[in-house]
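As written, the chains take the letters A, B, C, D, E and F, and residue 1 is the first residue of each chain.
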Amino acid sequence: MGNYDSSKYIAYFNGEWIPYSEVRIDPLDRGFFLGDSVFEVERTFNGKSFKMREHIERLYRSLSFARIDSKIDVQEMIDISEEAIDKNLHLLEEVGDFLIHQFITRGFGRRAAAAVNPTVCVRINPIDFERYPIEKYYSGGHCAITSILSYSNESIDPKVKNYSRMNFNLAELEANDIDEGSYPILKDQFGNITEGIGYNVFIVTDGVLRTPSDKSILQGVSRSMVFDLADQLNIKVLQEDLQPYDVYTADEVFMTSTPFCVLPITVVDNRKIKDGNPGPIANQLLAAWSEVVGLDIVDQVAKFSPK
Amino acid sequence: MGNYDSSKYIAYFNGEWIPYSEVRIDPLDRGFFLGDSVFEVERTFNGKSFKMREHIERLYRSLSFARIDSKIDVQEMIDISEEAIDKNLHLLEEVGDFLIHQFITRGFGRRAAAAVNPTVCVRINPIDFERYPIEKYYSGGHCAITSILSYSNESIDPKVKNYSRMNFNLAELEANDIDEGSYPILKDQFGNITEGIGYNVFIVTDGVLRTPSDKSILQGVSRSMVFDLADQLNIKVLQEDLQPYDVYTADEVFMTSTPFCVLPITVVDNRKIKDGNPGPIANQLLAAWSEVVGLDIVDQVAKFSPK
Amino acid sequence: MGNYDSSKYIAYFNGEWIPYSEVRIDPLDRGFFLGDSVFEVERTFNGKSFKMREHIERLYRSLSFARIDSKIDVQEMIDISEEAIDKNLHLLEEVGDFLIHQFITRGFGRRAAAAVNPTVCVRINPIDFERYPIEKYYSGGHCAITSILSYSNESIDPKVKNYSRMNFNLAELEANDIDEGSYPILKDQFGNITEGIGYNVFIVTDGVLRTPSDKSILQGVSRSMVFDLADQLNIKVLQEDLQPYDVYTADEVFMTSTPFCVLPITVVDNRKIKDGNPGPIANQLLAAWSEVVGLDIVDQVAKFSPK
Amino acid sequence: MGNYDSSKYIAYFNGEWIPYSEVRIDPLDRGFFLGDSVFEVERTFNGKSFKMREHIERLYRSLSFARIDSKIDVQEMIDISEEAIDKNLHLLEEVGDFLIHQFITRGFGRRAAAAVNPTVCVRINPIDFERYPIEKYYSGGHCAITSILSYSNESIDPKVKNYSRMNFNLAELEANDIDEGSYPILKDQFGNITEGIGYNVFIVTDGVLRTPSDKSILQGVSRSMVFDLADQLNIKVLQEDLQPYDVYTADEVFMTSTPFCVLPITVVDNRKIKDGNPGPIANQLLAAWSEVVGLDIVDQVAKFSPK
Amino acid sequence: MGNYDSSKYIAYFNGEWIPYSEVRIDPLDRGFFLGDSVFEVERTFNGKSFKMREHIERLYRSLSFARIDSKIDVQEMIDISEEAIDKNLHLLEEVGDFLIHQFITRGFGRRAAAAVNPTVCVRINPIDFERYPIEKYYSGGHCAITSILSYSNESIDPKVKNYSRMNFNLAELEANDIDEGSYPILKDQFGNITEGIGYNVFIVTDGVLRTPSDKSILQGVSRSMVFDLADQLNIKVLQEDLQPYDVYTADEVFMTSTPFCVLPITVVDNRKIKDGNPGPIANQLLAAWSEVVGLDIVDQVAKFSPK
Amino acid sequence: MGNYDSSKYIAYFNGEWIPYSEVRIDPLDRGFFLGDSVFEVERTFNGKSFKMREHIERLYRSLSFARIDSKIDVQEMIDISEEAIDKNLHLLEEVGDFLIHQFITRGFGRRAAAAVNPTVCVRINPIDFERYPIEKYYSGGHCAITSILSYSNESIDPKVKNYSRMNFNLAELEANDIDEGSYPILKDQFGNITEGIGYNVFIVTDGVLRTPSDKSILQGVSRSMVFDLADQLNIKVLQEDLQPYDVYTADEVFMTSTPFCVLPITVVDNRKIKDGNPGPIANQLLAAWSEVVGLDIVDQVAKFSPK
């Protein structure tokens, strides 16, 4: 999110195009006072949307799970999103690339089953290079595995991307206690690691990529991109239950997410991973990804990171 | 929260007094897009606030747990809340009584530990007699125990009153499937019933009041009021793990909450409780409560329920 | 249920009185091929029923939970049960006392919700003194805590007395492996002991009676009788979570059940309880109970135990 | 089960061949009052038994787990079962095809380890086309995921096919509350879906068949048949933990069971699966299965469904 | 256990009295390579043992649970322990007071059931005032609630005081990450706090003392002393499930243990408890305890704390 | 461990080479009184170390997890271990082959984070052919699945090989109760089998090798050797959740461990596996393993088993 002049960005809001600075949420909207909303985020590379359809289909799976009717179909949502990019494209050069956010609330009314007037918004903002700056690519980020857990899928399945994420806020604070500024990794109630607060986690053991199955995590689109790239690079991928032991003793750890693609992690719970340097596979994946999108991802981060 | 003209109600919003219809949330506020907020609700009886201090102290326990700094202390929050009542008191007569809401978000910023500018709002709205109308007092409401669970306190302790409540929305939809319009009751991951989506649950067995302990529920102020009234009426109260069996086979079931105080429940999961009529203890408690607040609670509901 | 000539005993079966040896279950009855039945057992003292109403009320709680309609109300069931005793009273002297069984199946039909013709049976048989003979009262029985667990109340609450008890059979076999002929004690999935296969468990620690709460056990009528007797004898009773440690290190252990009332246990999991002799409180309870029912319980066992 | 004249069908019962209407269970049989029994069900196609040996081997695994000795070996049980078909073959034409049931109880005696005289029965009845009529094949059945759970395998492993299935009865009633007449799907205590009450569940996601592993389900013979057919049709199959999210958002859902083979499901928990029509893979499987058995499965259902 | 000259202290070791510096453990002793040992610790006040019998009885409960036979009975163990104090009493003045340790291993042999020659040791060492110095009494200690859990009582009941405590070591390291030098508090697998690594935890809420029940903790003798003192001081005590929320929002937090009796805690997980000062009840308990033992506990700590 | 003259064996102990009989542990070493140690065990074949590097790397993963610094690197540890073999090689002939043990404690000091002087020991002892004698290879060992559970990896991950193993001692005693002298198999808290007390468990079903994944077990080096041999022999291996049902109904069961390589199991929980004889795959694996190490494993056991 970071600091940017939101008045310059045009957003879609309930059928209208207005500056994002003018988008405001009614506190009587269930999306605010009941966390009754779902959302999605994509990014551009060189101003072109990436995996838009995959993201929007995931958004509609979230809607379907939550039984929220957006009154807009998948194709319309894609079209609006692309139009949002177009409307703001003149701002691209100064910020590098865009994030596109869609959010949809259930709207208004005391009873979920009788709610009306869902709020639909599509907005653009610059990628937040400040949160994942170039130093992290060079020397690796730090993570902390928190005692705050992912929601059980008996409460709300983490596969549903939604705004009721108080546990993520608590996990972030706890990670900060363990290792200042570190990125949190959560576990499920069975002792397995799950995901971060907007990113998935991978480890490398003996040349094999390992990551939690989608039981208690968001089915990350970047995670799925890594599956494709690994396949291309002939790297075996396993989806399985992983415990902190596996992370501490891995040859390599990295995270994946829409804004930063792949980020090497070199310290977890104050334990150095291997020799404490970013591993080769993370870099291989970043290179392969860069090739697919025709843009050197790390170079771009270097260029736009705050000095 | 029902239909009412929010432009007539004056609210406190970040230091200013404005019509509630003008209160709007910035979607970049963490309270919106991360569910990073806590809140509280009280009511008036005859326009006088009830248990204001207990509620505000609970609010500050929520803030303390979540490490949100509202920049306002307990006494100031009480004063603002009382002032909010005063500023809207001319509207009391037509609506019966007020609810007072406080909500506080962590404010703005990508990292929880570095967030700034918390949003603080205190608002007034009429009690929503439509959701809990007089018929429910006469013939009893219906409940459904859902498969959607309360959050584990390893994710976010339900004792923290906050807006990240997607599981409540799902539970409400599921209850509606089981018995249309019924009120949901959730369970914890151990099979014990917990609470509803804004109300606590009591059962009566052989003259003893039984209710879940506060392990996985909000420590309801109305629940605590029932403890006091029961003590006064020489009714024994047990806080213990209760299972659906206990509810189905109880002599009496009722819910408690700020807006409706005590509401008799006569059907749970399509099973009639005893003979299917509201029980004597719920009515005793309503009478005793009415006496304390100097207002016949049921009469007021009758007067303001939609015809 | 021991060796006895069931042709001499008259039973109520679907409205008729017939020799029990003629009672037969249609294998198309849901009670047989789906375990879709509930039941209850009482005993007589000197031929007089004991706690009949408490038992029958528990039976109707089971029916209500399982949504089985017996087509007979509580009073009728009591009357039939008393009549069954009367009809067989001439057999009392040779066997000491009677057990009375009621069982009710959901009847016939592929779908539970549309089943018809519930099977209702009330029968009499002699107390099975062979299973709990006088030696056990003198030197104490043996128990084994099994790895087979009580059903979770999310599957079927053990408070519902029903015939779907395959786990009880497995527990009995396992107990036999650990200590031949020993009585099994089960645990719940949280590591707490629950109950046996038709009896409740009590321990004594520093003069206090302790027994699992009714979370995962049948609410035993004999257990409740022990509460009453303890109250009378000024012995404190706690219902709480107990672990094997508590049992192994108790001053005294005993079981309670309808046929044998109170049975001292002196060995659990091959560990001797205290000095390995029946404890004073079990004997105190047996004496007090005997007084209430006007019959020396232990003497009767001694008289009717197989030599 | 349904309505059929059981006096016309000859059954094997403890060594004798008698009309099924004369088979009766002694209520002192442990199979009745302790749910102490295991069973198996097969079907014929054109009067020829299907996968008889696989079923009977599973039956003997159940016996071995429960330590019940049937006094009959696998081959004898197969022979008796085939003979049962033969003895009733003259009834085939009017009913389409047969189900064959075997059930075995532990027999008689108070202690499991010392029980004697196991009851062994093999019977024939017509396939119950009423429960899964042709409309379900054309427009799809409805399912509901219940809060009633499968037994933990720490109580009784669901891989053991037995008659202690009170939780199945409760699940069926609950499904009926959620969506009248719908088929229940249960979950395990970890939030994963398991199976129905006599059928397994499959979903299709991006062309891949997915179904729960056999941790907490019966190892369905029809499920295994679908594995074989999928292999033949080059459809990938994954056995993995699935949550309600996966079912709601699948491209296709279907159930498998001995009587109906493959049944398309188009609504789950009142959410339409995809466009609400039976999916192509279910139909492909039905066609491939029909070819293997030399009988058009759907046509047969159509022919024998009640009009 | 701090720096002290162990050659000056005489210890009982397998029947002999030798300088503690000469006590050595054979690495083939099961107590070393299998953690197969139990132990106990008491302290003196003014050189007189405190609650010796309670401790030794707990030791024998541990032995009984673990089925270790020490070849020594309770009275002998008490006598040896008192003798150990006597033999070292000349060292008392310079160190303030003593700790007495007993430990017993199962001895030698590959199979637990056939092990021989248990190792029995009773030793004396000075109280370690360095670990809990006077500053902690004045301004309060810090605690951190760790993600490392207490052992489940299905693995080894924490009521058994034994040396297999790797999880305690890990918890201590994690607490140090969260808040340097803080004392760890563990939780059970259900989200409830349990105990520290050798101390119990109490909180005060509205004048009531609350502490976890003994489900997953050592039954601390100091904890039990606090129960007695509270009774004397008319302070209500509740044993119940407590969550981190209860600790963070308590009016007062303190720990109890043999060496330090009662230690006020003012920060937990970097959250200040109330106003961040030691609470009145901890001090009241320290004063009452001091009176019982005839020694000002805090003064003694002040005198012997390292300057 | 067994009976052997430890004075003849030279061990490495904190930098020195001394007779093992002289190695002694200070009871103030955290390795003793806090179970704060990790260890490793290898064996020789014909006096040559087997998989030394794999074992030592696992040891260093344990150290890294526990944050113990041995002050010695992997290569040095290997060198010392090989030297230990050399120094004792003259004893090889009379005992067949050696076990090599490494153990490392955290050393001394009250606080884990500030501990100093880790104890490092490498020792040699003869393989204990008495515990796994030739009869077990010929007629198969017995196992018992215990109610004592493996530690949750939320307490201490079983992948960390350490000496805090009181639960293993308890499991061994319980197995002995169930079937005298049998080897225990533990389960996790979810009902899946895990491992024994120093060995892994495999089953064979329809020609496929199945074994628990490494979620809650030590990643056995022998287990991994079996994976390699199976690959070579074209036997499929699955790592998956297995329940007692799978073990009881397997075609074949065996255990793997460093001292005995592969040991056939023919009885589990008093249930005969298949026909009660060792299975062909265990023997195939033993033969293949023998070939790799150039020594007939079974012949060696036969030669050195006690007569």
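By definition in this document, a contact is a pair of C-beta atoms (placed from the backbone, for glycine too) under 8 Å apart; a residue touches a chain by one contact, two chains touch by 3 or more.
In this text, all values refer to a predicted model and were calculated from it rather than measured experimentally.
Shared contact partners of chain B and chain C, listed by label, are D, E. With centres computed as the average of Cα coordinates, no chain lies farther from chain D than E. Here E-F and C-E are compared, and the pair linked by more C-beta contacts is E-F. Shared numbers divided by all numbers used gives the overlap of an interface; between chain D and chain F this overlap falls below half, so the copies present different residues. Distance between chain A and chain C, defined via averaged C-alpha coordinates, is recorded as 57 Å. Chain C and chain D, compared by their mean Cα positions, are separated by 33 Å. Of all residues in chain B, those touching 2 or more other chains are 67, 147, 152, 154, 160, 190, listed in ascending order.
The chain pairs satisfying the stated touch condition come to A-B, A-D, A-E, A-F, B-C, B-D, B-E, C-D, C-E, C-F, D-F, E-F.
For chain F in complex with chain C, the touching residues are 144-147, 174, 177-179, 187, 269-270.
Within the complex formed with chain D, the residues of chain C that make contact are 1-2, 6, 23-28, 30-36, 39, 66-67, 103, 106, 109-113, 121, 123, 128, 130-131, 147-152, 154-156, 160, 162-170, 172-173, 176, 181, 189.
On the side of chain E, the complex with chain C involves touching residues 61, 64-65, 67, 152-154, 157, 159-160, 190, 213, 215. Taken together, the chain D residues at the contact with chain A in this complex read 190-192, 240-241, 243-245, 248-249, 271.
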